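Chain IDs A, B, C, D, E and F follow the sequence of writing; residue 1 opens each chain.
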Amino acid sequence: MTGGPDQDDPVAGFNAYRRRMNERILAEPNQVVRRFFALDTQTYRPGALDLKTKELLGLVASLVLRCDDCISYHVAQCHEAGVTREEMFEAFSVGLVVGGSIVIPHMRRAVDFLDRLGGTVQPPGPVPEPPEAHEHG
Amino acid sequence: MTGGPDQDDPVAGFNAYRRRMNERILAEPNQVVRRFFALDTQTYRPGALDLKTKELLGLVASLVLRCDDCISYHVAQCHEAGVTREEMFEAFSVGLVVGGSIVIPHMRRAVDFLDRLGGTVQPPGPVPEPPEAHEHG
Amino acid sequence: MTGGPDQDDPVAGFNAYRRRMNERILAEPNQVVRRFFALDTQTYRPGALDLKTKELLGLVASLVLRCDDCISYHVAQCHEAGVTREEMFEAFSVGLVVGGSIVIPHMRRAVDFLDRLGGTVQPPGPVPEPPEAHEHG
Amino acid sequence: MTGGPDQDDPVAGFNAYRRRMNERILAEPNQVVRRFFALDTQTYRPGALDLKTKELLGLVASLVLRCDDCISYHVAQCHEAGVTREEMFEAFSVGLVVGGSIVIPHMRRAVDFLDRLGGTVQPPGPVPEPPEAHEHG
Amino acid sequence: MTGGPDQDDPVAGFNAYRRRMNERILAEPNQVVRRFFALDTQTYRPGALDLKTKELLGLVASLVLRCDDCISYHVAQCHEAGVTREEMFEAFSVGLVVGGSIVIPHMRRAVDFLDRLGGTVQPPGPVPEPPEAHEHG
Amino acid sequence: MTGGPDQDDPVAGFNAYRRRMNERILAEPNQVVRRFFALDTQTYRPGALDLKTKELLGLVASLVLRCDDCISYHVAQCHEAGVTREEMFEAFSVGLVVGGSIVIPHMRRAVDFLDRLGGTVQPPGPVPEPPEAHEHG
C-alpha cells in the first residue's frame, strides 16, 4: 500500500503504481473527481508563468504540505523541465524555512529520489563551508 | 514500522498491526490515553446521525488530514456499514475538492485498499465520459 | 490581537504591527529565534533562482499553509518585485488546486490585500467566459 | 481584512464580504480559478449521497482543517438543509475527536455562528449530566 | 466572531468569550463533546510530568498547529505556573524551528499576549548580539 | 524510499538512512539549508529549559504534526536523555488530546519504535483499570 512497491527501482515502481491507480480512479463514473484531475493537469500548463516556475511552485507547495508522492512527482517534473540541482536546492530551502524542521525527513527522501533520477548527481567536490557537526533532523 | 507489514495481504497485515499495537498501548496505565480510545469508539455509535453517516464523516476527516491508516480504517468501516462504491467516491470527491490535489496520493491508496476489501470491485465497463489525458497527481 | 488593527488602512496597520512585534521579539536575548529571523531573510535573496521566483515560492507555500499574515507579506513582496496581477493569479491557482477549497477564504483576503496595495487593480472589463453561478467557498 | 467586518450582524457581514470578494476573483480571466469555483459548487449537489450528508461532510472537513469561514459557510448550508442542532453537534463531536482540542476554539465560533443564525437556539433546560468543572480549551 | 472582541483589554475579552462559549457548548446534551472537554482538563494535571512541563508541551503543540486562541490560553497557563519569559522564549524557539517561518505571525501575537499579561515584561536592556537587519516574517 | 529500509532492525535502518541522506544534503553548497540544520541542532541544547524538557517539546510537536521520522528521532533522544516510559506516555497523551485521533496511528508506530529501543519495555503486569472494549483508531 506504499507508493513505490518496487524495491529495486523505486522511481519506476512509483510511476507504475501512480499510473495504475489513476486509471482505476478515472474508470469510475464520478464527474467531480475526473474534472478535478483534468483541472490539476491544466494548472501546470505554461501561461503568464512558465512551466519551470509552475513546477517549482508545485514542488514547494508539496514540500511544506509534506506529501512524499507529490514531492517525488514534482521533483521529476522539475528535472524534466530543466531545473538544475542548485535551483532545486534553493526551492528546497524555501520549503524548509517556511515549513520548518518537520520538512527535513521529506527533503531527505526528495534528495534520494532526485539522485535516483540520474544525471543531476553533482560531485560534491570540496565542501565550501564546514557545517557544524549535527545529529538532528 | 509501516502500518501494513504483510505484503501478501495488506488488509490482514494492517488489521493485525493495528490490533497488536492498540493492545500494547492500552496495557499501559495511562488513563488519559485509555479514555481517549474509549471516547473515540463512542464517537461513531449511532445517535442523531446513523452509523453510515458518521463513518463517512470519519472517512472525509481522515482524507483531508491525509492519514493513510485512518483512511483505510474508515474505508473498511464504511464498507461494512453498507456504503456503496458510488457513495464512497462521492465522499472521496468532497475530500478531494476541500483538501486539494495533495489528497490524490492518499485517494489512490484508499481505492487500492477498497479494491482489496473485495466485493465492491465494480467492473469499469464502458467509460461514460472520456477524461482528458492527464499525467499529474 | 489581530495582525491589522488599523481599520482605515489595513496595509499600514499590518506593517506597523509586524514591525513593532518583530522588534519586541528581536530585543529578546534568544539566539535561536534571532538566527531563525536572519535565516528567513537570507532565504529570499536572489541566487540560482531570482527574487521574483523566490517570492512566488514563498507566496504559494503561505497560501497552502493558510497563513493570512504570511500571504499578505508575500503578496506585498511579489508586488514590489514586479509580479503582475496575472502572474499573481496563476500562483494563486497553483495554491488553490494543491491546497483545495479550504484555501478560498485566504485567497479572498489575499485579493483584498492586493487590491489595497494599489496600482495593480486591473479593470475587470468584459468577462471572457461567463462562470457558472456559484455560491460556495 | 477579517471575514466578517460588520460587528452588529456578523452573519450578514460575513455573507457580504464573501460575495463581494468572490465577484472580484471571478472577474479575473483565470480559467483554472473559475473552474475550481464551479467544481466546488458541483461537489455538493445531491447524487448518491443527499445534500444534507454532503454538507455535513463539508462541515467536518472544514472543522478538522480549522478554517473558520469554511465552517461558518457549511454551518449555514447545513442549517438551511434541515440539519438539526443535535445532528450538528454530533458532526462537531466527530470533528473534535478526529482533530483534537485544537478544534475547540473553532467549535466555539461555530456554535456562536449557529446561535446567530437563529431558529436553532435550543433552551438548554435541565442539564442531563453535570460536566466536570473545566477551564481548558 | 473573533476570540477577543474587547479591544481595550484583549486578555479579559478573550477569557470572557471563551468562558461564555464553553458554557454554551457544555449546556448541550452531547456526551462525546462533554467527555472530550473533561479529558482535555485531565490531560494537564500533574503526573509523571509536572504541571509546568505539561503546559509547555501544550504551548508548543498549539504553536506548531498555529491556533492563536490555544497559544494564548497556554501562554496564560504557563505564566501562572511560573514559567519565566526566558523559558517561554525557549519553548517558542522549539516551535519556531520545528514549525518554520509560518509560525512567526502566531509568535508575534503570542508575545503581544504575554506582554499584556503583565509582570513578565522584562526590560530588553543592552541587546547582547546585534541581529541582522531583517524585514521578513 | 521509506525511512527505515532494514526490515530486520528498523532502528538501525532508520538511523543509517537518516545519517546517509543528511550527509548528501550537507555536501550541497546551499548555505540556507546548512544553517537551518545547524540551527536545528542548537535548538535542543540545554538552556533555561533542560535537555529532557526540550526533547519532550520536540516529541510532542512532531506528534501533533504527525511526522513519523521526527517522532522516532525524538523518542530515541528522549530515551537517551532518561525520559521514563511513564513520562513518555504522558507526553503522548498531550499530543493525542491536542492533535486528536488522527495522531493514533503515529502513536502506534512511536510505541513500536520505543519497544524496539529496548530497555524501556515495562512488563504490563496486572492492568489497573479494564479499558472498554474498543476497535477504533
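Definition applied: a contact is a pair of C-beta atoms (placed from the backbone, for glycine too) under 8 Å apart; a residue touches a chain by one contact, two chains touch by 3 or more.
None of these values were measured; they are calculated from a predicted model.
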{"item": "Shared chain contacts [subunit B and subunit D, defined touch]", "value": "A, C, E, F"}
{"item": "Shared interface numbering between subunit D and subunit A [over half = same, under half = different]", "value": "same"}
{"item": "Euclidean distance of C-alpha centroids - subunit D vs subunit F, Å", "value": "35"}
{"item": "Centre-of-Cα separation between subunit F and subunit B, whole angstrom", "value": "25"}
{"item": "Centroid spacing, where centroids are CA-atom means, of subunit B and subunit E in whole angstrom", "value": "34"}
{"item": "Residues of subunit B whose C-beta touches two or more other chains", "value": "2-3, 31-32, 36, 39-40, 43-44, 61-62, 64-65, 68, 70, 86, 89-90, 93, 96-99, 101-102"}
{"item": "Chain contact topology (line, ring, star, complete or other)", "value": "complete"}
{"item": "Touching residues (chain side subunit B, partner subunit E) in the complex", "value": "31-32, 35-36, 39, 42-43"}
{"item": "Touch list for subunit D against partner subunit E, complex", "value": "2-4, 7, 10, 14, 66, 68, 72, 85-86, 89-90, 92-93, 96-97, 101-102, 104-105, 107-109, 111-113, 115, 122, 124, 127-129, 131-137"}
{"item": "Subunit D residues touching subunit B - in the complex, by the definition given at the top", "value": "39-40, 43-44, 47-49, 53-54, 56-58, 60-65, 70, 84, 86-87, 89-91, 93-95, 97-99"}
{"item": "Interfacial residue positions of subunit A with respect to subunit B in the complex", "value": "1-3, 17-18, 21-22, 24-34, 36-38, 40-41, 43-44, 61-62, 65, 67-70, 73"}
{"item": "Subunit F partner contacts - residues on subunit D that touch it in the complex", "value": "64, 96-103"}
